[in-house]
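So, here come the structures, one by one.
The same chain A turns up in both complexes below, where it pairs with chain B and then with chain C.
Right after this comes the complex of A and B.
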């Protein structure tokens, strides 16, 4: 099982997976974290710039991976940087995937327990989520891609529909002045973005499954660019409705935004729809990360993928419950973001150079 | 510093929970594996059939008795194929010896306890060769037998013109079959049991003095139902034709669909004790060869003593018997079968049942009706969208009711919430129990309505539904809103064109209700994800079940929720990997 690639995905499916992987719970929190750092309404510029910038490491990783078609990072790394170093990097990546999955799960848990299910024990909420994810992941990459494909139209329609409705309380003057304090706040705001935009790491194993690995670069660029509108919409609408001061004081500013207006349609209030859809969206991210971690472990240790999937379950749960409170959850998220920058921003270029170099030598 | 880290470490409680999280799916998987292992021991599903490839004659492996004969349909020079008719007897089959008296005696011996087997002694024509005709009263077309068999045999003068004495057996056989008998379907056998089997299925068997082979004459005429409109799949527009219980009528209905030479019909015999004929139909040049091979392989693994209905075959062939979803569709409509064949699917027809099986099945088919294609594309699309909405309602409506009322009344409009809650004030039960009471009541009503005699069935249903609904509300057991929800659910589930798919939805509805009762809206979302995960992982004959919704190629979406105009439907569904991908240019 390990070492054998079970099935293939097309380029468009890879894009769907990547988009679903990037779009995460931080849509709800991004306006607050960015506004805290920047202090001006210009965070939407940060979001755009950050998105465009994050294309670069993703693209580099894609370039690296397509040099080894049909192999995941965990398989080709030993050839590239030697076995011990590859094992260390691989473990780090797996751990990263686990932490990322855990953070997403924790966000779902916090949101669900806060908005939907007061009094339901945390572990039950998490357990159900993990079990369903396990069931999906057992189907392999094709199941993941189909799930992403299934969720995408639902999620996008409802997300943008709800956003359109929220224009009711949108006030453009809250977004002014543009660049009132120069570019410095924009850059400060960008420091929280890695958590939202990390994309490259999914490519480490995604490219191996593509039937046309040559198009990996296209997948990286498209996948990242498609997600920018979501984050920009979330940032612009939230700041536009609540102003910077109002945004900073809310834990989940985007959900508060959706809660704060009523439209006399079927539902009157739409956060239930949004939460339902976004739970699915986070589910797909969680599954991809979980699958990545299990795949890495299985390929590094030559264990069966299914066994590894079972093995990572308690780890993910423990990591999920690690942060003691909501503030530590956000600290945890921030830590993961920094980790991603260091690992994928910092490592991608040297690795790419190394792979090019090694290739020439052989 | 240390304090901070310790604060992040999970406690024992968390460890125990994480073990629980590991243990539950592990246990479930173990149980599934055990289930499958047990089933693998009991069934022959996993075995590879060892017969020849390509729908030939040889039989299934172990018992060697499921003789797959291809009578009349394929053989120009008919003879009973590999007639090892001895059935369960292991010893060499009894054979005819050619001496009439002994043969008759041995035939009477094997059929001694079957008093419906009739004997007719006669003498053939001018040479006065003694002969005997065996047949079963009621199964044989007597009039035809009198005119086409008895009369020519007895009057045979011209045929023996040049012969001085009784001709030798081979020549006699030639003369009888080629110059005397006026029957199209003729077979020969020298085994007593094989001929008895034929006699019991309506053929007449002719024994002639001096001939070691007997002649089996196809004169069967059982009582059949005429072609009627199918009851379970009524349509407003479309042919008013349904299959009946006779295999030959059913294959004829398929052939009558239009002139075409590509339709293949392979005949198989299934059932170890009671043998039945079964036809595998597909269109050569469209259906994928691998798919057909896989179906044939599975057909060969059928090992059961009697196949009572095509449902037996469905259950023995399907991929995953633990799934609530049908992986093989049953239908009474020939047009539906033809449409499926033209998409590259295969169909199985069984003698004795009007239900044909279509395979492989994808999710979209459960909600499609042939009418979608007969009407213009606007109405077809509208009806499809309606059916999807109805299926969603019938799956989730009671669950949503439960979750909104017991967990988040804040999420529904305030006025509605107030009116629901005020109407629920006297209700002593939690919402789950309330919804279960009503759902179970309506399911019982529906089931009872099916069993009741036709004239009072619908009346009973209406009266029962109205009275129970009204009385339950007045008695304060349930809220009126719930009655609306339940009624809507029940009606929605009737709009699913496939009856068995409707049952699946009913089953899943109860599961959804329990999820909602435990986890509210979050539970419903996760139930949806669980269902999707199951469907995504489910395959029917290697074709992904959800391939309509999450297609490999976007062009498959043209025929899913929206039925695009026919002139734009240029390709067959790619998920079936048809040999000929282009429907029209």
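Right after this comes the complex of A and C.
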């Protein structure tokens, strides 16, 4: 099994997987982290700019992977940068995937135990998550893609539906003045966005499964752009309801936004609905990251993918339980965001140039 | 065979999961808090008796928390019948920590209080004047069960009195929550202030209004609003009903209600106008560093009552004259509210600062730290434009 690519996915399937991979728990905290940095209501501009900007590294990575159809980064890297370097970067990437998965799982844990299932122990939440993820990942990329397509319509409908309801407490004056302090706050607000928008790394292995690898660039651009409305909606509605000053006081601003209104519409309270669907959304990110890590390890070490999947489970759990408190969870997230910028933002261009260069030589 | 046994074993194990939710609590076993009243510390008779018998713990007596719990329907029923049975009961705990006081109740009742259905927090005048509101609502805005949609009110007097009053069969907490739905009927109700809406101004140190509720006999009434000053974060004073109505006109936040005036030249003829819609624009003007405001109020409505002494049909020029009289009344109301805010309370609770911030961000940055002070001296002009769209089913006076 190792080294072989078992399945194929179409371009649209790849887009869905990418979208599901990008949409993560940070939609809950983004308004606060961005508002803390920016200090003005203009963070929605930061969110749009950040999203558009993050297309670039993703596109570069897609271009690089396109040159080696049917092979993941872990397979073609040795040809490009030599074995030792490939092993080093590959390990770093795998570690990143593991940390990313662990961070998402920890976020779910924090949120569910605090808001949804008070009294349920942390390990119970994590165990369920991890075992189901293992089961899904054993099904390979097609199982992942099918789940992503299953979640997408549900998640989008509920997300935007709940957002529409929150217009009840929306006040446009909280979003004004636009650019009252100039552009500086917009740039400051963008510094927290990498965690929300990192996309490129999934393409490192996703492109290998595509039946038309030539369209990898399209997947990168579309996938990233589709997620922008989610983060913008979250930022605009939260600031609109709480104002900037209020948003920075909320730990999970977007959840608090949904908790702040009651509508007599079948449910009256919608946070459990949103949390349930967003847990699934995070689950898909978790699975994709887990799969990426296991695939990387299996291809670098020539072990069976299934064995690697089992092997990474305890690792992920340990990483999940590492941060001792909520502040360290957020710091962990910030660290991952910076890591992503350095690794995928910084490395993508040199790698692409290298791949072009090597290509010509051979 | 072994496969079958394994499957059966798994199925049996899975049945364990069917027992239900991990941390479920049957609804009849919990005490649902629906309202909390916070007052300056004053122990109740029960508390004093408890203390006398040794039921005390170390605390500084700062505030008294009165929790209103719902009595589940059916559990009272048969014993006491009719009007004498109340669907709620109140428990008071004094101390310095809201959280400790609610947990202290766990020593007095076997059914744990839960906050999922908390509707209102009422803060007594004495406490609100001395303690910052952010401290008082801190626990409520931090808790995971209590929602940010909980409404905050102040009470001129003792807040716990408000929780003792309701018409038979009603619960004070729900009455107060429901009163806000009457904003389309009366202009003297301020927009509901939930925790979600309070954290912004409290953290940003801007002044804002909180609905005031008072109690008498066995009823409650919304009576004006309390003003929380941004600088201190405490209650500085009250606007009466009339002044609150003026602020509602200034901000255009009303949804419907009554405007009354008298035609002095016609022997004090009464005109009442039913507000169908209103809107206001606050225009901030800065000339040579001097800030001033112009408020443009617009409203449409209809005659609710008019005593036309001539008995003639309501002609256009007649309506025009009444419109002008009503416009003057709106201006007068708004001026009264402005006088109260600028002279008496010296704080801006009608969004003038926000208008300045939006329209002149540069100027705002210079004055925002002492905005309330600046506001109390700036000139404000008010212009009103009312349109009487119709006169109801009766075209003439019945005279």
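Here is the rule we use: the second predicted complex is superposed on the first by the 362 of 362 C-alpha atoms of A that agree within 3 Å, B and C clash if a C-alpha of one lies under 4 Å from a C-alpha of the other, contacts with A are read in each partner's own complex, and residues count from 1 in each chain.
Quick note on the criterion: a contact is a pair of C-beta atoms (placed from the backbone, for glycine too) under 8 Å apart; a residue touches a chain by one contact, two chains touch by 3 or more.
Treat the numbers as computed from the prediction; the structure is a model and nothing was measured.
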First (chain B), second (chain C), both or neither touched by A:324: first
First, second, both or neither for A:87, with chain B first and chain C second: neither
Which partner reaches more residues of chain A (counting touched residues only), chain B or chain C: B
Partner chain in contact with A:314 - chain B first, chain C second, else both or neither: first
Partner chain(s) touched by A:120 [first = chain B, second = chain C, both, neither]: both
Touched partner set for A:354, first chain B, second chain C, both or neither: neither
Partner chain(s) touched by A:48 [first = chain B, second = chain C, both, neither]: neither
Which of chain B and chain C A:10 touches, first, second, both or neither: first
First, second, both or neither for A:279, with chain B first and chain C second: first
Partner chain(s) touched by A:56 [first = chain B, second = chain C, both, neither]: neither
Intersection of the chain A residues that touch chain B with those that touch chain C: 117, 120, 124, 269
Chain A - residues contacting chain B, complex: 10, 112, 116-117, 120, 123-132, 134-136, 138-139, 142-143, 145-147, 149-150, 264, 267-269, 271-272, 275-276, 279-280, 283, 310, 313-315, 317-318, 321-324, 328
Chain A contact footprint on chain C (complex, rising order): 21-23, 141, 144-145, 147-149, 194-197, 199-201, 203-204, 351, 354, 357-359, 361, 364-365
Chain A-facing residues of chain B, complex: 7-10, 14-15, 17-22, 24-26, 29, 407-408, 410-414, 519-526, 528-530, 532-534, 536-537, 544, 546, 549-550, 552
Residue ranges of chain A in contact with chain C within the complex: 114-115, 117-120, 124, 169, 173-174, 176-177, 180-181, 241-250, 256-257, 259-262, 269
